[in-house]
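In the two assemblies presented below, chain A is common to both, partnered first by chain B and then by chain C.
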Partner chain A sequence: MTRPAFKPGPLVWVALFVLAALLPLLQPGGFVLDVAINVMIWSMLAYGLNVMLGYTGQLPLAHAGFFGIGAYAVGILTLREGWNFWLAWPAAVALCALGGLLLGLVAFRTRGDAFSIFTLGVGVIIALVINKWDDLTGGNDGLNGVPPASSLLGIDFSKSANFYYVALAALALTVLVVARTRQSVFGRSLVAIRGGEDLARSAGIDVFSHKLRALMLSTAIAGLAGGVYAAYVGFLGSAVTGPTTTFTVLLYLLVGGVGTLAGPLLGTGLIYVALQFMKGLQDYQYIVFGPLLVLLVLFAPQGLAGLWNRAQMRRASARTERAVDHA
Partner chain B sequence: MPESILEVEGLGIRFGGLHAVRDVTAQLPAGKITAIIGPNGAGKSTFFNLISGFYAPTSGRIRFQGEDITRLKTHQVVGRGIARTFQTTTIYRELSVLEGVMIGHRVRTRAGLWDALLRTGRERREEAESREAALRALERVGLAAQAHRPAGALTQEGQKRVGIAMALASDPRLLLLDEPAAGMNPEETVNLMGLIRELVGGGLTVALVEHKMSLVMGLADEILVLHHGQKIAQGTPGEVSRDPAVIEAYLGGHAHGGQMGQPGREGAHA
Partner chain C sequence: MTILFQQLSNALALGGVYALVALGLTLVYGVMRVPNFAHGGLYMLGAYFTYAVLNGLGVPYVVALLIAAVAVALLAALLERLVFYPLRNAPHVHAMIAAIGVLFFFEAVVQRIWGADFKQIAEPIPGILNVGGVVITWQRLLVILASVLAMLGLNFFLKRTLTGATIEAMSQSREGARLVGIDVNRVGMLTFAISGALAAVAAALIAPIVSVAPSMGEVMNLKVFAIIILGGMGSVPGAIVGAFLLAFAEVFGGFYINLDFADVIGFAALVLVLAIRPQGLFRRGT
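Entry: the complex of A and B
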């Protein structure tokens, strides 16, 4: 048998990130850098969601909320409390992991669709709290003037071209963390849960504890993405923390390929860039995306990365057949 | 009475008003094969679910190797040495045979998320141990050569064996098989019986729920008969098949079929 899954080897990933690191040297326009940084931020959130949906088989719908908690934590700590970004950012990640723990302790009393709906409710509540808690979050007016990441080792991260590397490093860390998780004893247990909770239980897996830890990792990654977002955009509004964001990122993930390592980046890159060219359509863009999504779910449930897989497997089996013929 | 590995005492569970299992007191003799039989809805699978910690009993106690395991969670029960397979061929069809069976060894490993992220020594050691344990288990069920095939590509019998290998990978003392021969043809059933005998020969205790009387009569050292959730008989195949209560349960009232004591004939529910 050949490798059954779309796995660009570690070398391909290293090459990809080296190439991406060269981008600012070409001195591209601000627009290109802005798109690239946004793609990295949102694909990180998609990676976080993928830990749950793709590897553990659970669909939480509160991720934009955790993205928001991460972003507002960085925003509030740096703007109001005067913290250094490099302290506020890890604090935000830890806060989101803790939030994931608290959510999981309650939410994992439900299963399947009920879990999704429960977490959707929690997502709405987080967005509402952020919107209404004027003293802390600035409420409807948002949080204006979040300072850019402070200089580190003499590098001024207030320049987009430099901040680009912060986002790139965070994305690289995310991909590494997710890849290692999947390829581990722990990760195999998550895949076992995805394959069937009852079976995983009877196989001796502590399903609750594994789901809890997966959710914490997942929300921590959402917080990591939120922290980058806060320092990059400089303005935080509550709208971005609502379910619309969750579903947009879910769309990225579905298009790219649920449960694949390349999928989140692929899907986010493709759709985000496509949307930039359809800005003129405004809300009508969903008329294009809706049917596309339906077709995709029908014919390529594993997304683009899954399509690639199937092509690979077909080629591999054709090769095996030829080899058998020759034998 | 030979030494028992598992004892249940007054075991019962109620779902709403229904007593699925009621006041069952029984022992499973160590190193033997015990078959649990009874008409449909007699509570056999529920009995397994109670022992394996899938359901929490509403009354009674379960002791395994002298230790009270009544309130333990499933993964703790597996950790104590009780593994089970499911009625249908429930396995990880999309994974390779090897990886699916490695999941069965998880209960013997402790590596967590930090071990995964930092690639600690424990992570690497336990990954290697899982692989070895899975290969050993596949060896025992005769599937070592198929280790790298997708589990879903195996025959029905092969998939059953994968399920058993997954249970064996947890290194159990007691193996619970829920209808292991369901969906198998007679030849496959004979192969399976050979496998179960081998496992017991290696020191394992087996308890199985089965409708196929040929398998039960040909294999079991001891038979436990449940009816309407209650134990109505326990003994050797010979004793049980002459027991009036058992004959009544199988033949009386509704014609359930599945005649007792007649090897070679299939139960009506098979």
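Entry: the complex of A and C
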């Protein structure tokens, strides 16, 4: 029997990233690079969400807030404090991990629905504070003129074609970390928690500390994505840190396939690229997105990766049947 | 002292509206065990339906309010059939995500039809009432009275009628309710309809005071969720107490501390309560 699960092996991933690394050599227009970098940023955020929703089975709705914390930390540190981007970025990631720890200490006192609603409340607070704290974040006017990434090892990363590699490396790191985590004992314990908290606890898993660490990883990834966003876009507004962003990324994740390694990249790439080709549709975006979300959870809750799995399994079982017939 | 009473009347009116919206949400949660993220969307639609009926048909305010309530009730029942009923056995996260999709959809459709700008609904009884120096608008008084009336009506319905008792029974135990012969599907639809009607009434009441905009549902959504977590999810008295607590925290916090952060104060109170009592104020255990 073929392997039924939609799991591109390590070789496929390496090939994919090598191909992606070759893209700027083709001298594509700025538009292609822009779309590619955006897809990478948003799929990183989707990977972060996937660690919680896909592996741990908890739906946190504060992710855009942590994305915002990461982005604003990079923005404020480089613009106001004159830090080097390569220092500010890890600092932002660490800050988000710390934020995740603090959130988890309180939020994991609730579970299930209450956890989601609680984190949604926290997400709103983060967006509101960013919007109102004029002295620190520029408030409604936003933070304008965040400097692009500075040179490192003699490479000038302020050029879009070079910055592409920063985003690609960050995405590769994210995929690698998430994949390694999923394979580890820690990752398996998370999946056990998804299956049933009480059962996992009875098997000797420290549920609270596992969920806490998963949340920290998840928010750290959100901060990583935020840092890339800040340096790439150069302008930060509070709107992007609100729940709408979280929900949009949730849609990407659902389309691709929750709990799979390929899902976040697949879903983000597909929806984001499709939207670029339907600019006229952007006003209608949520008239389409809304019902799409509903239809997805009703009929294909596992997303594209899930549909692929089902097709594979059907083919595999058909093959076995044929083999039996021939026997 | 006058200012205190002034703020008090504001808080009472706001609390009444919060309570009506939160009651619908907590009823649905009690019966269906579904956090209906689309609830804020129903609230927003209630305001727009009132606006449309008032301007389109030129009927009196009360008639417009009732028409909007019926329309949103029907829509909510339809929503239960099309979305939440098929998802009743799926993981909770699925129903939540579907509800978010519905909320997006409502908002986008309303924005397409009526535009993103604010709409005004004229006060049915303009003017103010002056009681010993305390100035209160007729509309605020109307909001307070109508919301109390609606809450009393709901209480009578839940406690004194057979249909209401089935809702209570189902929120206590779905299986038990089914065993004694309650049609759980019908009760589910009915609960959704009631929650929609309550949300529409609340929206129609507050619409002349705040203005009507597509985003009003999102903000209200977060607040009523904060309220029902505060009160204990599924608890009816908890929703009412939570609603007034939040309204008082917002009005007085906004007045005495900082108006810009009025919204944050409400959520901060929620975070605080949950940190101390994760199961909410009115629910034992989890």
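Descriptive notes on the structure:
Following the convention adopted for this analysis, the second predicted complex is superposed on the first by the 319 of 327 C-alpha atoms of A that agree within 3 Å, B and C clash if a C-alpha of one lies under 4 Å from a C-alpha of the other, contacts with A are read in each partner's own complex, and residues count from 1 in each chain.
In this section, a contact is a pair of C-beta atoms (placed from the backbone, for glycine too) under 8 Å apart; a residue touches a chain by one contact, two chains touch by 3 or more.
Predicted model, so just to flag it, every value in this text is computed and none were measured.
In the superposed model, more residues of chain A are touched by C than by the other of chain B and chain C.
In the superposition on chain A, no contact is made by A:173 with either chain B or chain C. Looking at the shared chain after the overlay, A:15 reaches neither chain B nor chain C. By the document's definition of touching, neither partner reaches A:273: not chain B, not chain C. Look at A:191: by the touch rule set out above, it reaches chain B but stays clear of chain C. In the overlay built on the shared chain, the residue A:292 is in contact with chain C alone; chain B does not reach it. In the superposition on chain A, A:111 contacts chain C only, with no contact to chain B.
Once the two complexes are laid over each other on the shared chain, residue contacts for A:213 go to chain B alone; chain C is not touched. Residue contacts after overlaying the shared chain place A:124 against chain C, while chain B stays out of touching range. Common to the chain B and chain C interfaces on chain A is no residue. Taken together, the chain B residues at the contact with chain A in this complex read 52, 54, 73-75, 78-79, 83-84, 86, 90-92, 94-96, 99, 102-104, 106-107, 109, 111-113, 115-117, 119, 123, 126-127, 130, 148-150, 166-167, 170. On the side of chain A, the complex with chain B involves touching residues 1, 4, 177, 180-181, 183-189, 191-192, 195-196, 198-207, 213, 217.
In the complex of the two chains, the chain C residues touching chain A come out as 29, 35, 83, 86-87, 90-98, 100-109, 112, 218, 222, 225-226, 229, 233, 260-261, 263-264, 267-268, 270-271, 274-275, 278, 286.
The residues of chain A lying in touch with chain C in their complex are 53, 57, 59, 106, 109-114, 116-118, 120-122, 124-125, 128-129, 132, 243, 247, 250, 254, 283-287, 289-294, 297-298, 301.
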